[in-house]
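In structure tokens below, several structures.
The following pair of complexes shares a single chain, subunit A, combined with subunit B in the former and subunit C in the latter.
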Partner chain A sequence: MAETLVLPPKPRSWPRIAMVVAALAAMTVLTTIPALGGVELDFGAIARNWSNGAERIGMLFTPDWSILPRTWQPMLETLSMAVVGTGIAAAASIPLSLWAARPTNPNGVTRRAVRFVLNVVRAVPDLVYATILVAMVGVGTLPGVITLVLFDIGIVVKLVSEAIDSADSAYMEAGHAAGGTQPQINKVAALPQSWPVMASQVLYSLELNVRISAILGLVGAGGIGRLIDEVRGFYRYDALSTIILEILIVVLLIEVLSNYLRKRLR
Partner chain B sequence: MREHTSPGGAEDPASSAPVAWPIELASVTVRYPNGVVALNDVSLAIAAGEIVSVVGLSGSGKSTLIRTINGLVPTTQGTVTVGPHVVSQLRGKALRELRGNVGMIFQSFNLADRASVYQNVSVGRFAHTAAWRTMLGMTSFEDREIVMRALDSVGMLEKVWGRAGALSGGQKQRVAIARALSQEPEVMLADEPVASLDPPTAHSVMADLERINSERGLTVLVNLHLMDLARQYTTRMIGLRAGEVVYDGPAASATDADFEAIYGRPIQSRDRLG
Partner chain C sequence: MTALAPRTERQLPIPVRPRRIAVRLAWGVAAVIFIGSFWGLDLDWAKLWGLPSDAARYLGLMFSDPDWSKLPEALFQTWRSVSMAWVGALVGVVFSTLLGIPAAEGAGPMWVRLPLRWFFAVIRAIPEVIIAIIILTVTGLTPFTGALALAIGGIGTHAKWTYETIEAAPTGTAEAVTAAGGNLLQVVRWGLWPSAAPELMSLSLYRFEINVRTSAILGLIGVGGIGDMLTGYTQYRDWSTVGMLIIVVIVVTMAIDAVSGRIRRRIMEGAKVRDLDRIV
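Up next is the complex of A and B:
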């Protein structure tokens, strides 16, 4: 009764797999030949030097809590840098995201211009911004805040504009059919439509900001990083571990808070 | 919002303002950039205040036809005249002004789901409002009143502050009708307005369109692919097949043979809503 099914021929996949494996092997060989500028990895160095680090790791495991009172002020500074930076970046990201997405900005010239500038902004590492800005505006929290703003705009605008691009935007046609201008449609329909994704990315950038602003102090851009730099300079790894734990707790708290807010947004 | 209706039963402002416009297509051809000819030398005259169905299978050019009337699709040749406007000559502000007088509803409703019902309906006021008012969110009292009345007239006023995405399909289409009505249009276009709805809801939305035609006197042009809806709700029917008009006459008396000529195949059960 049951006839044998005539299956369509399955496309052969092994040639492609073989090609990928061959390409990976060739890459590996090419990058490890010293004559071709391969990186030198001296695993023996681990055996010779590990004891130096072990002492420090040992200190990290015995936190020195006496540093705590000195951390409050710089930690608050870090937090306020993160919040202020996120706030300014969020405000700037609203128009920029709409300009960078196709449905909300059909003009290809301005859209590509905005995207290009943002690609450049994203390509520069945050520590480079901080270093240059410290030289330009002086040591303190201001260069840190500007760095965070630039960094946040880069990621928020990219993620939000891509979300607008990929979302269903049939409401645009209705707006045009009713005789609306693009800014009118963006304000009344596109903005409420992209509000949740925008808020979600802004919260994400707030999380990132706390981590980043902890580092920015290393180049003099304010916050807890300055204290990290100081205790590291005195080899006080026990105090450093206290600061790291504190940053961890703050980051976790912000993550919990933003996860909660993000759930409410859905 | 019923308390706003004056005791004398005066006509509500949304229906008293408009005077319907006629529509005329003179040898209109639409060729898309990819070479597809969607409309081929179509000539039509629709009188002010008529309710007309455009019937055809998908791909017959009905969506293109309806979109040439508000300039969403530009014509390649020929002219489209809507009331005092020659659509093909309009650009920018003048085109937006025409669109402001032509309401349109869509198969997939085209609402901003995360925006409120109020925001969605206020889209209909765009062409009649100074842009700075929209940008600053300073809605005039009249605009707000028009939006509320439009929602009331389709029975959706109680949902005004809710999210459009939370509504059912039939409710969404009613909100979309309110959006079009808040334009206080002279012409109402409907592109397959009931194709995404279940049969009872489809009938009630068609009845809404019929009522808009009879009570407000608007010219109504509705794309359909179901023969029984065309017969029941419209007075005149235009049959499109492969971008050409193959039928133009009364809808109620169109025979099954006429429909077979429009479809280019024998009638099937799926050609009726039932």
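Up next is the complex of A and C:
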């Protein structure tokens, strides 16, 4: 008698898949109804504007290098803003990260308070800070730097405190066992342990800062964005192309440098 | 009874601290760059000292008595921003997945992978706002432009995550499919997709969360949404309305993060086992 193997029944997954697909479809429909505030998928406009717009976009492929000398100073300003913002945020992140992590701050009330404030800070987009700060303190690099500091603290503290939370706490336990107070343990165990993570996140935020500070000028917060705003007003897309290429090169260089440094940290 | 021999004190020399000249040097270089940048910025010190009191004053203006009369308009514009974020994420994820899979090691040949990866790196380096500025000559100042800018900008990061996820996935099943004679499509569908899908879905939702923030920024160049409204009222210096708008942005962003975060955890960790006793 031949042995027969019975195939196990396929798990019934289609109701769940159907539910997920339905949810996705519903969300997509709701977000594409203009009457509700959704996005009108207007492909007709693209067809109508094509000849006019394509010509301007075509200008991107013939960069106007004559604007290059004018870009050095704003570009330097952009980089300076990124460095200063990162530096200040890094210094502020050290105590805040220790505050926001469970092993280094057993006090639930202050820990939740710090985390909540940081969640709120993170929920406001960077350029929104810049817009409001420009209205408060006036046009210049100061609102830009403050924006970057707020943005960086938000992400660095979140990532570092999560790293401390999930890190191996053997050293800190040893500190407790030896009778150390929480500040002592934080200083000799938690901090040295989290340096590499912190340095890596700070470098990452520097990368992001260069990208962000390139556009802060669009709302008047200093840097190369100011120049972008100027050339876009005149539809000088050939000049815009030069500036974008410059930003591209700087951002990629910073990324390469930061990747190299982060590899060394490990 | 023999007396115990006196204990000899043995002193262990404390090991010498390692001298890490390279680290000190790096710190020095970083400090010089920081200080140099700081002076180069030429910050207005008078404004800097006045900042704390200014900030307190403006925070008072914004949040002591937020003007709720324009809340319906704000919610309408918020939905517009969220819509841009959703449509942008959807389109971006579809294209990132299509482009990201051949860019993964083991899925596409070298001459496909390298150009694709360069392409992603270039897009990553260009901020979404600039993408929007470029494409708005063709698409106009509409929310659709915002969604398209988010979609294009999203390809840079999301496609990178896609190929990294696929490369990190265990290769056993893919090899098995290849051994059984599967072609590239079959390898992707039966070997790579099942192990990479949860992570990819989670990342897609994360992309939506990021887009919610970015879409508010895109409003600043006039494509519509909450950012547009915020810029307008900031320029009028109508601080009580600005305060209300910021509260709306914060609440909506945090709510979306919370919901999306829960869904992502559910995708990555699976369902909570509730009725364990019934199974056992």
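Before moving on, here are some points about what is shown:
Convention: the second predicted complex is superposed on the first by the 228 of 266 C-alpha atoms of A that agree within 3 Å, B and C clash if a C-alpha of one lies under 4 Å from a C-alpha of the other, contacts with A are read in each partner's own complex, and residues count from 1 in each chain.
Criterion: a residue touches a chain if its C-beta (ideal position, glycine included) is under 8 Å from a C-beta of that chain, and two chains touch if they have at least 3 such contacts.
Predicted model only: the values in this text are computed from it and were never measured.
With both structures placed on the common chain, the touch criterion links A:171 to subunit B but leaves subunit C unconnected. By the document's definition of touching, of the two partners only subunit B reaches A:179; subunit C does not.
Considering which of subunit B and subunit C touches more of subunit A, the answer is C. In the superposed model, A:124 lies in contact with subunit C only, and not with subunit B.
In the overlay built on the shared chain, the residue A:109 is in contact with neither subunit B nor subunit C.
Contacts of A:7 after superposition: neither subunit B nor subunit C is touched.
Applying the stated touch rule to the two superposed structures, the subunit B and subunit C interfaces on subunit A have no residue in common. Interface of subunit B with subunit A (complex): residues 70, 72, 95-104, 106, 108-116, 119-120, 122-124, 126-127, 129, 131, 134-135, 137, 176, 179-180, 183.
Within the complex formed with subunit B, the residues of subunit A that make contact are 170-171, 173-181, 183-185, 187-190, 192-193, 195-196. The part of subunit A that touches subunit C in the complex is made up of residues 27-28, 30-32, 36-42, 45-46, 49-50, 52-54, 56-57, 60, 76-77, 79-81, 83-84, 87, 119-120, 123-128, 131-132, 135-138, 140-142, 145-146, 211-212, 214-215, 218-219, 228, 232, 235, 237, 240, 244, 247-248, 251-252, 255. Taken in their complex, subunit C has these residues touching subunit A: 30, 33-34, 36-38, 40-44, 47-48, 51, 54-55, 58, 76-80, 82-84, 86-87, 90, 121-122, 125-127, 129-130, 133-135, 137-140, 142-144, 146-147, 213-214, 216-217, 220-221, 227, 230-231, 234-235, 237, 242, 246, 249-250, 253-254, 257.
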